[in-house]
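In the two assemblies presented below, subunit A is common to both, partnered first by subunit B and then by subunit C.
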Partner chain A sequence: MRAPRSLYSRLLVWLLLPLVLLGSLMLIQAYYDARRTADRAFDRLLEAATLAIAEQVQWQNERLWLDLPPAALEMLATGAQERVFYALYNGQGEFITGNARLPGDARQDVESGDTLLYRDIDWRDMTLRQGVRRTRLEDWSLRERFEVRVAQTREGRAALTLSLLRGNLAYIGVMAGVAVVMLLLAVRSALAPLTRLRRAIRTRDPRTLAPLELPLPRELAELRETINELLARMRRVRANQERFIGDASHQLRTPLAGLSARAELALRQDDPQAWHDALKAMRSTSANTARLAVQLLSLTRLNNPEATPELVTTDLDRVARTALHHAWHACHRAGIDLGLETPDTPVTVRGIDWQLEEALSNLIDNARRYGARRITIQVSGSPPSLAVEDDGPGIPADKRLLVLRPFYRGTSDGEGSGLGLAIVDGIARSHAARLILEETPSGRGLRVSLRFPGEIS
Partner chain B sequence: MKLFLVEDDVLLAETLGDALKLEGHEVTAIDDGELARQRLAQAGHGFDLILLDLNLPGCSGLDVLAELRQRDSTTPVLILTARGAIEDRVKGLDLGADDYLAKPFVLDELEARVRALLRRHPQGQSLHVGPLVLDTVAQRFMLEGEPLNLPPREQRLLNCLMRHAGEPVDKARLSEEAFAGEVRGDNAIEVYVHRLRGRLKGSRVALRTVRGLGYVLEST
Partner chain C sequence: MKHLWIYLMAAWLSLPALGSDTIEYPASSESGSSARSLIVHGALDLPYVRPLLDDFHRRHPDIALRYRNFTTLSVHRRFLEDEERADVMISSAMPWQYRLANDGYAQPLETPNASAWPAWARWRQELFGFTFEPIVIVYHRELAERFGPITSHADLLQLLETHHQALQGRVVTYDPARSGAGYTYAIEEVRLSPRYWDLVAAMGRANTRLVDTTGEMLDGLAEGRFWLGYNLLGSYARDVVETNPDLKMAIPDDYALVTQRLAFLPRSAPHPETAEVFLDYLLSEAGQRVIAEQTTLGAVHPALQGPGTAQALRESLGDALRPIRLGPGLLATLDDLKREALLSHWRREYHRWLNLP
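== the complex of A and B ==
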């Protein structure tokens, strides 16, 4: 199983990602703002320079004449070592004078008076900001159009943009830092109860099943309640197990005490007949005790959910035959007629053959111990079921649930262990089968059946 | 008969050994899996039946069995185990054991199984069920000292029942035995069983019905 990313990193990613995006947008915005502001400031200088030049343009000797005022270009040379270019063109686009043949601007005039156009141009591997002023000389005798082009390199603008941006950058940086720190603190504080819950669980004594008691926010309180419910169920299971172990220990100790007392008594006697009687009693007690130990083991294994074998297709007829073979000697010796009733067609279910055989042998054993003279194993097809029917005393209807409890015994003749039906019940449950205790059709004796869910087609 | 008993519990080993000796067998007992494995690895170990505990020190009974079956597939093996689960029986039978007895068991039952296994794998010339004797070489039956002449199907039937004397035998199996693979209904076998009963009547051998399953031959 691939572990999902931690809650902490998930929260951080989803909160920081928009923050970073927003921060970048703000930075871009700040850069363009600064650049626009710088351009606006420097464009004013361009405007002033073109105006200063335009004012010096004169008409002499039938042509345009410019006497360049030094101040016009000096105002453009700020402290940033910029290069400044200027040119004068006549209305036909012919170069009149200047220090560089600057390109024109294709845009149309927008107003009737002076037109001033700015744009960025790439000229001779330099990036320039150029201002173009279109105007005319006007007096009573002539109207001559001309164009003043002034351009400067961007150093001064870049320096101003940078210094404007720097101020903004510090502001954005502080904001971002504060936001990230707040975010980390918020995530940490939101997840703190989870850490507390983890510590509380980790420091618990592994033997205790007491409920978790610690104040938690609503979302985690639900988790705590779920854990507490699980613990409560485990407490009930453990109480059951403890009762079972206590009962089992009692059940095993009692016959062992009996055995040792009987042996002690026999050793005090000299009569061989008394020894013989004692040995007989001890044999029967030890056989019962051994059987009890076997049944305890089966029951423990049935109750262990991690050791459940896989259900496979199992032939009930074969299960019944095997069980009969195994129980036949004991029944035959006791003079009990043990038989089998099977349908003509084979019946299969999903099951574990040895468990079903064990269930049958427990049922046959029970019938034998409680005085049956005739026991029949029955297999039937619809619904698929296994049953053991006997002609013994039966179990009164009101006790049929009680007998499924471990160590419950129908009679107190000391023969049974009280585990047989509990084992059968466990096996029925692991097969999802219904365990049914009922009177036989003749009204005498008991019929115990395992009814399996559905047929295999 | 020579029996090999592999069992590590001292009390149980001694008791079983004594009981089987009282039955007239010669018993070799070993309490360690590894030693048992070595003893059985000798060519021609000479035992007629092996009684094998599964939970052994040294080497598991199932391993002993698996190794034995690689060389010797005929000597009958009866598994004894303290593990109550029938699971182990399945494993044991899959590995080639012939029968299984879960502890705790009563001595009577053990003796009956030993007798049945020895009968199923006759080493000698004859099979005995009470006063009924089968000469396995000549395939002739004797009842209370008198020869018992049987037609072939009844002969095969009685032969099968004698080899499994004391145990219930499936009708389907008897039918197969008697008709040697010819397909006949279960009911056909009843006719032959009825005839055999007639022949055994009055003797101390009885052919009983096991309701719903088949028949069992036993001395009364």
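== the complex of A and C ==
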């Protein structure tokens, strides 16, 4: 995996890359332009030289005659001291005179007047620019055709091309410089709101969950709204937590105050029997309080998203049997009929056995406390599920969601903590299982089931 | 047409022929196996080149140097026929040397001396004119006594026109039809002034003798057969005039052509490193000082002053000096048709007075 690049460099790369490409194209274009311009300028020399030579061509002694003007050759050698070649050919393509047998040009004549052709040729390991002039003698009775060919090396053209290019280069360089600076500034200013947002988040009081209020461009405003939504959720979560802590401390304070009052009362009496009764009551209360503390602890643990143990393959049958074993003694004492229904084949799910046992024991406990006489633990295979069915008073349909909230009690006279179903709900969620509260098929009592997702082999 | 050129060139500037004479300087024994070789082919007679070679050998004793002197014709022909490869080519036949360089036979020399060489005496870092030899008039004491000294072309024209009877057969110059040098000078003089044709006509009227070489002219002058020689190579004439009190040399003060020996390094040089050393030496202040002080060839180096240098000539003659331009105009000189055209014109002017009724 590649390291994530900064937005800044990503923007720069994607903006600079086309810029560089464009700049290179401009350079190439500038080079060819300069070369063409230089060629045009120097081709005038070829034109002038061929004309100067052609003007000296005469018909004398029954043949073409040339009194070569030295100036025609001198003008081809500029400051760059080019090599110069010339040749005169007659209409039949025969060499008349010259210092080099230059090649002809196969292109067609123009319609009227002299034909002038320029081209680059490679000749004896030299790159030459050749000019060919085709014309004819205009005499009284004579129409003799001839061809003047001159050529020069390209040093002067190269020098002119270079100096033209240098001028263009400066121009392109300045443009590129301005473009790059503008680009840097633009990217920097475009990314400035991001910096502001970062600063605004960094400078916040870590305890505050107030929404972010700062003006941002549209793209970042969306991000700001998302953050604000997250913050709102966190505010709700915190409110819940605060209420939970308030409820929890209240729940713990009440039995502790009762204990304290009971001890106070007993101390004012001298009768050992009264002490004994007080101590028994206090033992019962402290046992309940301890149980409440345990439930609070497990609820906190279940609600901690960072401490989720890994799910392993768990046999629901064994879980049910263990829960039955733990609850058996208390039920037996209370005269409750506790039963277990399991399918023939073992049912396994991904889960944590102690949590599922805890859920079952909470459900059995709840049923027992709310006056059930008969409790049945059911394990079924398709879909895999755990259920506890009782013949107690049941829960009216409109309260079935409310009972899942911590400290909500179905009845005010019960001795439960109001945490049992909340814990079961938490366990169901950590197993991605559905918690279903419904009436028993018989229409009486409550059936609470955990339906697990899918079946695994 | 080509054959005609070959005959012409055979006559080019050759002093009484010494054949293809050779000087060899073996590498000193101390240099042992590191000895390097250098072969120079030139059209520059031994008395003039020897001081240079001596000095060069003293400075670079590890280089085994072989100098072969030819006529300009053979040096050119040998080069084209690839008969014996040379490291340095020296010749006074400027158009031929220029043509070889123009055709790409020379390689550039990129040393500080070469780069600093005056632009008028150099072409493309490839071709270097390292001497400065004016074309002069030499006349006999007798002529000066009878008609006064000659200092310019105008003097000469007037003398020929007024005393053509007395001067019948007493004047000598190059035959442009047989001498390449004479032809080159004629081309240049035609370009300088149309009055040149008057001069040719006047020379024709005085029945001027036409010869092939400066040497022949100097011989005839020394013997007293001729009273005046026109267009002699100054560097060769100076030696003769200095030893012969009967002869006087004049560099015309209205215009004086100046020719140069051109040197280049062939691309086919077998020892390019030593070749560069040698050519760089020719262009160095040291080499040029030898030319100025020990020869009559004339030093070009701008740092050198005093007798035997281009600077001194420039100071005394100023604008009158017309060095033959080192440029593509020289190619026109070699054009066959141009040559025919010029020669027929030349003949016509030479016989102008004969044809008069």
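Here are a few things to note about the model shown:
Just so we're on the same page, the second predicted complex is superposed on the first by the 314 of 457 C-alpha atoms of A that agree within 3 Å, B and C clash if a C-alpha of one lies under 4 Å from a C-alpha of the other, contacts with A are read in each partner's own complex, and residues count from 1 in each chain.
Here is the rule we go by: a residue touches a chain if its C-beta (ideal position, glycine included) is under 8 Å from a C-beta of that chain, and two chains touch if they have at least 3 such contacts.
What you are looking at is a predicted structure, and each value in this text was computed from that prediction instead of being measured.
Contacts of A:Tyr86 after superposition on the shared chain: subunit C is touched, whereas subunit B is not.
When the shared chain is aligned, subunit C comes close enough to touch A:Leu76, but subunit B does not. By the document's definition of touching, of the two partners only subunit B reaches A:Leu324; subunit C does not. Shared-chain residue A:Asn99: touches subunit C; no touch with subunit B.
The touching residues of subunit B, counted against subunit A in their complex, run 83-87, 89-90, 102-104, 106, 108-109, 112, 167-168, 170, 210-213, 216. The residues of subunit A lying in touch with subunit C in their complex are 65-74, 76-77, 81, 83-86, 96-100, 124-126. Of all residues in subunit A, only 286-287, 290-291, 293-295, 297-298, 301, 321, 324-325, 328-330, 332-333, 337-342, 353-355, 357-358, 376-377 touch subunit B in the complex they form.
Residues of subunit C touching subunit A in their complex: 99, 102-104, 123-124, 191, 325, 327-329, 331-338, 341-342.
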